[in-house]
């Protein structure tokens, strides 16, 4: 796979030279320390070949990317019951998502806005102690990435818990409408922790493989979810995966993806590859600036857009 | 292409027997007369083969599907300048789109909600008389479908103009914010008329071919738009093409598509086919109920979802 | 009544020297020509004594103050039926009033926001030609002020009609929800014209007398409305009379009042006086800056606040 | 004062016979137990005469009426600095108040909606332990009512703390925007407790006297606040005192007032009387149904409306 290797290395080199790197998220104090110079990119194809560039082994805070995995886990546990607690429509701006949460009586628009992801976490927590629920999420990620070293960055988790007033507000709104089952503290505790999981690009790309290959690990053949579910999760990533920049990401990159304010993005080229990119500087919509540009270049050079070669 | 023919015929037969056909749109009096029993489906592949089922030759009011073609035309005229007048992010509910229009000072979220499509039409009108602008749109559709018989249903256009108070309101809001250049009456006149264009499934599928094949007609080889633009229009169709049911359509069907309240849907399987379906009964989000179900079956049976086989 | 005379003259003198006069409304081009140096104040007491200061005889565009008189007229015509078309609750910000109009399905919050006043005008128009309806409004104002010279400033009316896109939008929203009965053009034509009526402070204070004295002219004894209706109109003026500055006006001035973007304010001291003030410079909420300050001084010096001496 | 006595007794008798008593608030479980048959009315005039009818000595949960007293206390502590944390404009519907809180970046519209009252409580808490802050509020109420027996109903306070998710959400929103200074738990603890203070109509009418008489107790002559501040608090009660029924209360009753979901209303007739009424059944806006009707009758019979005799 020389061509892919070359493309990944070229892009990593080009990104290293760019100066327009966006701004690091500051609302979680612990994230504000991230190095804007960092950039990593890993692509894993159907044969298990890995093309890596830049800081591909440095763990970063996956933040909202964890929502893809908690959604997968919760769908496995609750099936279509999940869709009574959360919708699957894109939500417009952050301003709008509060208005909409109120307008739609506490039911969040989709599982990838914060309110929706908290509702999904609540489903995972039901029937468990918070500690057990978190352990289950970690176990799932270690299994997907085939890497037992993945763990929570406790400093980040503590930082989020201390400053996450907006998330506490959202959770209590939903609780007021009966959308959450568990004590708000339990659910938020697990939510803050799974957002604080740290992974490298290599680990993240490995964890995302099942979404690219009909729900299974293409090398081991192990099934994670049925093919239809993998397609559907991809669909939600495409329409809702980048906050109020979801339309922009689809327009420019043309792949299902999920970003996190830690600067990571997981992108899926169905049938072709699982891709992870990381650069901590964010654009105005809160998505990794260089991460999005790198993915745009990658799909352009390889003809991977799902919207046409 | 026996398999495709068979699938299309099977689906048309199955749809003919369903009784849950949704409700015909009544807010445009002329559309309320449509026959809920109607159903048509046409698929055109890369070789120009046509698979047709049901009422594939009966013209219906394309309504909002026209927005795909006016967007294409306006991008050709104005290029990326267009994106100063309209965004490309999904918009949430109808309620939200008014809130958002006000919140974002008259700039509509995307070209496929009514406000956005009116802004796009305004760009086409600039520099022309309304009559000329409408003629240009018709000429473009006749060229794409290779069918000079396509025309406007004047009774529908008059019905919309008489009862389109909400669209008049939206247009005047945008005018108040300086987003529209032309007299509101001019722009709305053209808008009401292009929404009232009547086409059959066969004509519509033919007109959509360039979006499936890198911007060109695969048989004649004639280029309509550059490949990148075709991909990008597909991306906007996927994220914004079905009002507040866009997420649902992506989740269930997995193809870029654009629906109209006349009951038509144009769907694109990139590299594989241009598809048109029509059934006048609508679901709660205003999209053709059987149309969506038929497309879900089609992509499932043929493995055409862009989110994975 | 020497004391009142003195207070009015003092205030007029003080206002003449202030330099913080606010900004003239510019969204109606014709109003933008107003002289920010102008200031007028007239108080008429129960005995018909008139205390006047400054430019008390210069006619200005009464704009939204006309809504007090159209509400009175419409209540006389339709009685409590009027309250099916419009509420009587304050509405928050301009942003909010659109959101609310949409949220409450086209029923405006109160008769003093633009949407509400348009709905009130629509009631007056019903059964008449626009020209007759406007004539009725003018007749009513001339009767109240006992001055046949009051008339519409046609240049202002034309200016509003040409640039009133926001009002056209509001009217069409309401029409879409069935809140307006008449053709939008008819109702808006009358609305734009009654907002363009020109009156001097002296004429305006005279026209407002019935609100201060239990619904009747205290000198002639002629009844305009029953006492209860006068109280109720005063109540609506207090809670809704100054756009998003209504709370502020109640807090600082403590009198029912209605402002217009022409810089006029009509204020009522129940049982004591009818007051008109005019100064074209506006504050951030669109109310006359010096007008409000003058009224605050007046009520303070005379102990006229309805909230306690 | 025979006439007043008679009017109060008549109204209490009439109310006892009405069957349209509204619905008791159920969202705070402890309040749901209230007896809908209860009705009390107390009027205290300038000479200290007390006219009482019905259940005038039974303590009830004053709930939001406490916001009048915490506002008074906070203005004494912080003066006009308070208005940097909270506005004084009416807010429209409950739906709107969330939209507006988000739109205005965490600054509540006025001190009488929940968010605003929480911001006011936060000011009282600053520099104190929650226990001390609550003690100060209780001391103030006991002083105003001249009755050391007033106390918090701990069962109600606990019930609110357990179920007040919406208030927790509002407080955390404001905290996210930096509008609250103290730990959210501290401020909400004090808020839930002062809302759970129990008072009888007699105690409440006594506590409100300073608002009717230029800021002082008319019998002892003791000053509580300057006259201007009393007027201003009355103005805020009139424009914002009854949630989304504030306009209705001004329209029908014509007095400054503040209601609570416990079914109590404190109303002020400036210069004439302090009035407390209680009946637990609420109307659609969350205000005491019979309480409002009784006050409407009282002002009508005594000619006490501030909007004209």
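Letters A, B, C and D name the chains as they come in the text, with residue numbers starting at 1 for each one.
To be clear about the criterion, a residue touches a chain if its C-beta (ideal position, glycine included) is under 8 Å from a C-beta of that chain, and two chains touch if they have at least 3 such contacts.
Since this is a predicted model, take the numbers as computed values, not measurements.
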Inset, instruction - Specify, for the interface formed by the sequence copies chain C and chain D, whether it is same or different in terms of residue numbers shared by both sides, with half as the dividing line. - result: same
Inset, instruction - Could you please state the distance in Å, as a whole number, between where the Cα atoms of chain C are centred and where those of chain D are centred? - result: 32
Legend entry - Centre distance in Å when chain A and chain C are each reduced to the mean of their C-alpha atoms: 55
Legend entry - Chain centre separation (chain A, chain D; CA means) in Å: 47
Legend entry - Sites on chain C at which at least two other chains make contact: 95, 99, 103
Inset, instruction - Treating touching as the only link between chains, describe the layout with one word: line, ring, star, complete or other. - result: ring
Inset, instruction - Spell out all pairs of chains that touch, sorted by label. - result: A-B, A-D, B-C, C-D
Legend entry - Touching residues (chain side chain B, partner chain A) in the complex: 87-93, 95-96, 99-100, 103, 109-110, 211-214, 227, 230-232, 234-236, 238-240, 244-248, 250-251, 254, 256, 270-271, 305-309
Legend entry - Complex contacts: residues of chain B adjacent to chain C: 95, 98-99, 102-103, 165-166, 168-173, 175-176, 184
